[in-house]
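To start, the structure under review is shown below, and the notes come after it.
Labels run A, B, C and D following the written order; every chain starts at residue 1.
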Amino acid sequence: MSEASGTELLVAVIARLLQGCAHVAVGASSPIPGAGALLARLQSGGAMRVTVLGSQKNNFFTSGGVELFDLAAQGRIDAFFLGGGQIDGQANINLVGTGDYPDTPVRWPGSFGSAYLYFLIPRVILFREEHTRRVMVPKVDFISAPGVSDAGVHRPGGPHALLTGLGLFSFDRARCRFRLDSVHPGHSVEEIRDNTGFEFDCPAHVPSTPAPDASTLAAIRNRIRGDIAETYPQFAARLAAA
Amino acid sequence: MSAISLTSLETLVASIPDGALLAVPKDTSGVAMAATRALVRRGVRNLHLVCVPTSGLQADLLIGAGAVAVVETSAITLGEFGTAPCFNAALRNRSLHILDATCPAIYAALQAAEKGIPFIPLRGMIGTDVLRHRADWKVIDNPFVAGDPIVVLPAIRPDVALFHARCADREGNVFIGKEREVLLMAHAAKTTLVTVEEIVEGNLLADPARGGAVLPAIYVSAIAIAKRGAWPLAFADQYPMDDAAITRYMTMARSAEGIAQFLAEWDGGVQAAA
Amino acid sequence: MSAISLTSLETLVASIPDGALLAVPKDTSGVAMAATRALVRRGVRNLHLVCVPTSGLQADLLIGAGAVAVVETSAITLGEFGTAPCFNAALRNRSLHILDATCPAIYAALQAAEKGIPFIPLRGMIGTDVLRHRADWKVIDNPFVAGDPIVVLPAIRPDVALFHARCADREGNVFIGKEREVLLMAHAAKTTLVTVEEIVEGNLLADPARGGAVLPAIYVSAIAIAKRGAWPLAFADQYPMDDAAITRYMTMARSAEGIAQFLAEWDGGVQAAA
Amino acid sequence: MSEASGTELLVAVIARLLQGCAHVAVGASSPIPGAGALLARLQSGGAMRVTVLGSQKNNFFTSGGVELFDLAAQGRIDAFFLGGGQIDGQANINLVGTGDYPDTPVRWPGSFGSAYLYFLIPRVILFREEHTRRVMVPKVDFISAPGVSDAGVHRPGGPHALLTGLGLFSFDRARCRFRLDSVHPGHSVEEIRDNTGFEFDCPAHVPSTPAPDASTLAAIRNRIRGDIAETYPQFAARLAAA
């Protein structure tokens, strides 16, 4: 079996980050988080429930689009994924645009549910493959959703980790800072520093992100590829080609 | 019970006045694209568009046709096809007023209208720039717990809700399946206009299996038949997205002339060829 | 997806602790009478019963069996059979704390729990003695319009929602048809217990006709099969009310001994004979 | 054709009170209002919509019990019926009990939706066949729903008429008083006075409540009896026997 591709590595990392969750939800247009969640479910022996927005098979909603948000507020979603056109060192995310809102030289689609779900879902994983100073900025231009909130603000949820194409960070909510946990194979701490616009904690020795073992890799290439194809056929095809 | 009369697309959209607060559903919940085209053709202006809770081609096309003054949405995107060209151009040249929201806030504000309450509280949002830029939203103290701030949203009561559905019966009942958000839109709106793929015989409410997944006729103002009425968007299990048409839109929508040409081609039968 | 395991009625009700905030539906929405009997048999005490939004035989029987400390309801009645005997007796001898409500307030407070909001405003009620006697409800000013007073209700989040339904599949999805209030109860509650007439093969959510009228398994903690589980009440189009049994209840419920005898007869197979 | 029975007269009066409504809702356990509403629908040529709670055929709800109340708040219900164990001259109604709440020597089922619907539905018809001083009291012991509200209270709805077994009153919201509009055949103003515990306006000449004409009576005995039998079979049988 060939070595894990970058995408397969990310899928395996996501599955590890989701361990112990009872219910994981994955937003639209999120093939890698979707594949990671389906892998985590497989590894849980079916104990984990996964909801993939946009899927017919992996989506049980019968109350319309509001059900996702109501579930989150009811405490029935343990983990979710958010991204961002910009992400800063306080884990603030910006899905709206650059510059001085509403005059946004670059405008992205909008905040979607982030301004709500980030507050309510305990284990939010920030996922963005592109890891550049364009994305990882000192301070976001628009806060779609803040990394932390003032005491007194109802906030059972928040950032748990930041996963990029270069490495994996955990987030310390009390200190409001990221910590580099591991660097993906083929990349270095220096590369991450060069491409990150914000300060973060970095231990003296940063381990390499562990590659998926043979059985995990086989599961990704067979079961998960088939499962995710229902929602993301093009992604499944690329996963096969990798 | 009084039967609802079927109308043409043209008559249907004639009841959407200039300046209307118009609610439309997200791409997967039944977008009335054929009716949208009829609306553009009639030259509607100054719409206040509420996307429930997001939109794509429909909002972009309406904006490109100069029909929209204000858009309230949680996102506008054409997904893998890219960012919405007319939406972005209108923001750049400041011809569009944007009310950035977050999905659950739009749902909650419609639920407030559904319940006839003037406002509804909602968790989250505090400390976001979404909230900071919404002069129409407030933060109050939870009246039951001191020191617990919470956002309150005014109800959104659309003048018109417009969407596409699988079928309706001759009484005016509309089958919506799992797409409950169009039900919410209809409950909240003063007027609801629906296009359907077809009319079915019998009364949908009397069907014990489907009866629970029906928008009752009392909420429905008018229905028009529009075969492939969501084209070029996908519709349920009926037809997939027409990737070629949307790719062509993305190319042409870079200019006002391109938009006009796309609309002219549409009138000329692009859909029929699809 | 993980399949839910079927349990016995006894195991089902074992997860309703003494003192639980227990939500039950109105007579026509699927009352789990067989489970109620099992609950009485296990000697549950100090229930805070929330009737959604009214109850009849079920509440009266639980009160008669000494299981209820507090009842929140918009009404308790046995309809044409008369006023509820145990409910009335318990109020007379002050052994029951009553929280009189109005139907939409109970729905709205459950909807608040469904949305995870701590309170919800609702029109009406101002100037009623219903409001005057509810120390847990408040009147605030509409934060958007000065001089517009409105009632705010704290969310009701039941510990347990208990009801009877037509069928479930082996994944734990429950078909509810038009009975959306049991869906609301389940969304609002921490734990939902369901009895069903039968288990069906296949996945209910995958059925395009019935899929929209399903309570998804994620909300369901346990399911038990109870044939004729709403007896002696009517259940949907499945079976009518057993008038003779309810008439007999009305006679016997005049005394504690009579209630005990009625329950003993039930254990002894009155239902089977019905 | 025999003369109209008392019940048939009430059905006909109710239908008249509902004229011009687009949507009339009728609560549970209300056979006479239900029959009156179905008659009004027949007379409207099908233009009127009637919702009968507890009916399968005449009930379109697909959102659970809350739909009735949401419809009322949306302004989609024009008329509704309320009763009361006690009704007073300010059109306050009591559905809870007599005496000093919660110590109610006589306890009735409860307020149901009255504390809400009375505020929101424009044309609420108070209907109670029993017309005695026990019911028509100077002041209700418990206000389930008040006849009028302070200025500033959102109240598009309220009492329109009071129909009893003896006569028909209209209600003047500005003056907060009932006015006797007609006396049913076989009864008198004196009888109504003797049996009413509250003051009301009474013109010098009070007309007799007009009996239904022959075609209306035929409609009640044929079409309406059949229609109402679906929800109230026993009532329909009594209507036939009358």
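Convention: a residue touches a chain if its C-beta (ideal position, glycine included) is under 8 Å from a C-beta of that chain, and two chains touch if they have at least 3 such contacts.
These figures come from a predicted structure and were not determined experimentally.
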Practice problem: From chain A, count the fewest steps through touching chains until chain D is reached. | Solution: 2
Quiz item: Counting C-beta pairs in contact, which comes out ahead: C-D or A-C?
Solution: C-D
Practice problem: Just give me the whole-number Å value for how far the CA centre of chain B lies from that of chain C. | Solution: 37
Practice problem: Could you tell me the distance, in whole angstrom, between the mean C-alpha positions of chain A and chain C? | Solution: 40
Quiz item: Could you state the distance in Å from the CA-based centre of chain A to that of chain B?
Solution: 29
Quiz prompt | chain B, residues touching no fewer than two other chains | solution = 108, 111, 115-117, 122-123, 148, 150, 178-180, 183, 211-213
Quiz item: So which bits of chain A are touching at least two other chains?
Solution: 61-63, 73, 120
Quiz prompt | Touch-based graph of the chains, sorted into line, ring, star, complete or other | solution = other
Quiz item: So in the complex, which bits of chain C are touching chain D?
Solution: 26, 28-29, 52-54, 73-77, 79-80, 83-84, 87-88, 91-92, 94, 98, 100-105, 107-108, 111, 122-131, 133, 147-150, 178-181, 183-184
Quiz item: What part of chain A is in contact with chain C in the complex they form?
Solution: 23, 46-47, 49, 57, 60-63, 70-76, 120
Quiz item: If you look only at chain B, which of its residues touch chain D in the complex?
Solution: 1-2, 113-117, 173, 183, 187, 205, 211-219
Quiz item: Inside the complex, what are the residues of chain D that reach chain C?
Solution: 28-29, 54, 61-66, 69, 73, 95-96, 101-104, 107-120, 142-146, 149-150, 152-154
Quiz prompt | Complex contact set, residues of chain B against chain C | solution = 108, 111, 115-123, 138, 140, 142-145, 148, 150, 152, 154, 176-180, 207-213, 237
